[in-house]
Amino acid sequence: MTPEPVKTKLKLAVYWGAACGGCCVSVLDTHEKLLDIVAAADLVFWPIAMDIKYKDVENMPDQSIDLTLFNGAVRNSENKHMAEVLRKKTKILVAYGSCAYMGGIPGLANFFSKPEIFNRVYLETESTNNPEKTVPVEEFTVPEGTLEIPRMFNDVLPLNKVVDVDYYIPGCPPQSERLIDVFTLVAKGAELPPKGSVVGANDKTNCDECKRKKSDNKLLKKIYRPWEIQDDKETCFIEQGVICMGPATRSGCGVRCVEGNSPCRGCYGPPPGASDPGAKMMAAIGTMIDANKPEEIDEIIESIVDPAGLFYRFSLPGSILGRKVL
Amino acid sequence: MEEPRIGVYICWCGTNIAKMVDVEAVAKEVSTLPNVVLANNYKYMCSDPGQDLIIKDIRVHNLNRVVVAACSPRIHELTFRNACEKAGINPYFFEMANIREQDSWVHTDRTEATKKAIDLVIAAIRRVRYHEALQKRSVNVDPATLVLGGGISGMTAALEIANAGKQVYLIEKEDHLGGQVVKFDLTFPHLSSAQQMIRPMITRVENHPNIRVFLNCAIRDVSGYIGNFKSTLQYNGAGTIELEFGNIIAAVGLKPFDPSAIEEYGYKKFPDVITSLEFEDMLRAGKILTKYGKEPRNVAIIHCVGSRNRKYHEYCSRVCCMVALKFVHQIRAGLTDANIFEIYADMRAYGKGHEEFYALTTHKQIIFLMYDQQKKLPVIREALRDDNCNMLIEMDELLSGQSIEVPVDMVILMVNMEAHENVKEVVRAIGVSLCGNQFFIEKHPKLDPVATTTGGVYIVGSCQGPKDIPDSVAQARAAAARILASIAQGSVPIEVTTATVNESLCCGCQTCIRVCPYSAVSFDEAKKVSVVNEVLCKGCGTCGGCCPTGAITCKHFTDRQILSEIEGIMSMSY
Amino acid sequence: MNFSPTIVAFLCNWCAYTGADLAGTSRLHYAPNIRIIRIMCSGRIEPTFILKAFKEGADGVLICGCHPGDCHYQEGNYKCLRRFKLLEKFVAQMGIEKERLKLEWISASEGKQFAELVNEMTKTILRLGPSKVKKTLEVEPVN
């Protein structure tokens, strides 16, 4: 009996930039399917789970990694460096999760400048006791030599602002089922969608899959914070006066937040017809304000205490403006 | 998308553009941009040779996009679109840059004006790359016409159309036809009888087989669009009828201003202070008498009552000076010995025969007294026993420079003509606009005074602005001719740059449904997507501006086209 | 280097753009820093356009439509106003001076008012200085 030719296993890497770890957990959340992934692929680099060093990755031949899931945003020189290294070493580089795709929650730091952040974190927080005003510096010389830590950038960036990205899998974190779908495609060697596509998500936005009842009564006489209403659990949130990012957010997550009676906050990012979901959602919500006199409009808008944070919770760095003006 | 091959043309417009914009530099600057096949400049692009240049270049150089930098697109966009069509490319593969009305004519620094022109041309080039072929569409025209207003304008238009064999529905909010003219005795400048003019016209209208008259009827709601309007009317208190018609003429006229607001004139306080229209009543009755039944020995006519005055109406009511002069003749004819005082601010005798009529009037032994509207109005007060008259008018007389008292037994106030109370409902129903003075706005004040920007709706007579009978009649016949032409053609072109919904992107949020003022957007419950009725859609883009997914495409004003235009404008700035 | 601002303006075809044309036919003079984009109705204008203009380096953005009640398409200008007010709040949060974004109603007969508006806004922008938006977005991550 002729032995079966040994199938070379895919080489898979998972790396994190400015991340919370949730995306790595989502890989684990594939539960028993993780065994299938490991059967089909060799994990060559995954800081949260394996002790492979940067040097080892830098020494890998170019394009030797088949698939890298880069999660987390690019926030410092270390993130940028590894993004560039992984780009060189990888055939298919995927921006995995909202942070790598759009900047994500860390992206909210783009409302501040680096000095402002340092001041707050190291000097001004109420529980900090730092009379010498010690702050991190990139280089510090001690008798034994010079110590270096990565340089923190002023801006949080989505992955594609520093390297060429092949695909985007959105979500905070992406739904594990979607990851399995994508991984299976790659493992099978199936024809992949055009470079730059968003995968693991649908073209339509969440309203298409949302089970709540919708009507044309999209008029906002008053806007409420989610905790200010007695949610009837059946009617569209917007029609109850609560802003939900569903209309401007790609579906594919199963509309889980709304199923859990919480309005969508947009972690899956924009649909194909829009590049800046915050701007599109502002266009929609703005139009819905049910008043024509400037003072009356202002009164209704007052309830939206933080438009930037609400409409750009996950997408600020990747949005048109990208960050607050310095 | 096929590779764009763009031909760019910078127009000199003689010296209109060229003297402030370096047109050759602009052409040179843009000629090297991606997708630009050629960039030329020419003296008059809108001329036949100019257009032929475009047509030839399209054919010879295989152009599929054209940019012309010249005057405002509101002037010649159609001209050049037609040229493109003649040459065999879709007319919507064309874009204009406005470097005349919005550049060379408004700036004084040649460098800045040229820089701006370059930016605008680059913007047009970037935009036109994303233009798409759009097909012309047309709809049928219902041969019936709705005329609002049964005055001389409305009736003239109605008769013109009805005589041509087409159905007219004439609605009038009062209980009789005739408008203002039916209240007149004689007309200026020939002192011909108004009654002999209007009464036979009323009879012809009432008896015409093609005209249906609805009295006590005011317009409430009109639905539909050019060639295909529908309205349910209530008339004579009880009757209801649903009418379908292809065109609308608004001939709702004006009404006299109520001078009670002007304290100086004591209207309603003094019984013998009357308005011009009240005086016409008296003239038609045949006797000029005070409220005491006596012939007045002193009659004053005050001009500009409610006109040319910031407190009431700023505009000039145009006809009142001539009416006042007409009154002078009629008073002199009826009261040979009476003292007649013409108290005027200016004398406006602008029309055919008017100046001659004015000259004639000065021979009627009357006294002309001039006052300054901006300084002080004449004040009418009660006379004392010794004054030998009913009232006294105190005024600062400009020609003599003296403050005088004028003895009068009767004062005729030449009141201004203003819009009717219900004019806002009318415009809302038929979809046109009012200017600051509440006159209907014409499509173009010089070149298209009877059409409006709403297809199928025309405006005639004094509702467009105060005017006399000859001008009203001229407009009425003009609008009638336009309507008969569109009926003869049978169909009219409608909006091409409408909105469409991409069903594969629409999430069914229904944000757009209530946003459309024409009810052109509806929700398909089966497919769970929005749908635009492109016949009703007027292409405003409001639905596109509110769509959170970008599923709505506003043809010719797509996100991509506008964003490219923005990029083009800013491309040279850094 | 002398600062010459660029103001990107969105004008609706029926009122504002016509009013701007009227300023031209009347040969009124105004500052040359404005660049006009024509749309059919101010109701078409959405935040994406305005943010894009700022991102591309515009020092100011001006929106002009028909006066309330006079919109050629009935109510498009009201929708524009509503979106504008929300966008105003957002733009302020993003550190862009509120004078850089302006909404003004211009009718077809208000050529003079348009010229005055442009001159005034240009003066304001000159006083504010160049917009920092484009510089802030230089991608090379800077300290």
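Think of it as A, B and C in the order they're written, each chain with its own count starting at 1.
We take it that contacts are C-beta pairs under 8 Å (C-beta built on N, C-alpha and C of every residue); 3 or more make two chains touch, one makes a residue touch a chain.
Since the structure is predicted, the reported quantities are computational estimates derived from the model, not experimental observations.
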- Task: Determine which of the two chain pairs, A-B or B-C, is joined by the larger number of C-beta pairs in contact.
- Result: B-C
- Central chain (by mean CA position): C
- Go ahead and note the Å separation of the Cα centroids belonging to chain A and chain C. 33
- Whole-Å gap separating chain A and chain B, where each centre is the average of the chain's CA atoms: 55
- Note on the structure: Here the gap between chain B and chain C, centre to centre from mean Cα coordinates and rounded to Å, is 28
- Note the residues in chain B that touch 2 or more other chains, in rising order. 515, 542, 545-546
- Residues of chain C touching 2+ other chains? 46, 48, 52, 75, 79, 83
- Which residues belonging to chain A are in contact with no fewer than two other chains? 274, 280, 283, 286-288
- Task: In the complex, go through chain C and note every residue touching chain B.
- Result: 4, 6, 8, 13-14, 17-18, 20-21, 23-25, 27-30, 32-33, 35-41, 43-46, 48-49, 52-53, 56-58, 66, 70, 72-76, 79-80, 83, 107-109, 115, 134
- Within the complex, chain A is touched by chain C residues 46-48, 51-52, 54-55, 68, 75, 78-79, 81-87, 89-90, 93-96, 131-133, 136-137, 139, 141-143
- Note on the structure: Within their complex, chain A touches chain C through residues 74, 80, 111, 114, 151, 153-155, 157, 161, 274-276, 279-280, 282-283, 285-289, 291-292, 294, 297-298, 301, 304, 306-308, 311, 319-326
- Complex interface listing, chain B residues touching chain C: 72-74, 98, 100-103, 105-109, 112-113, 115-116, 119-120, 123, 431, 433-435, 441, 453, 497, 515, 517-518, 538-542, 544-546, 554, 557, 559, 562-563, 565-567, 569-570, 573-574
- Message: So in the complex, the part of chain B that touches chain A is made up of which residues?
- Response: 502, 504-511, 513-515, 523, 528, 542, 545-551
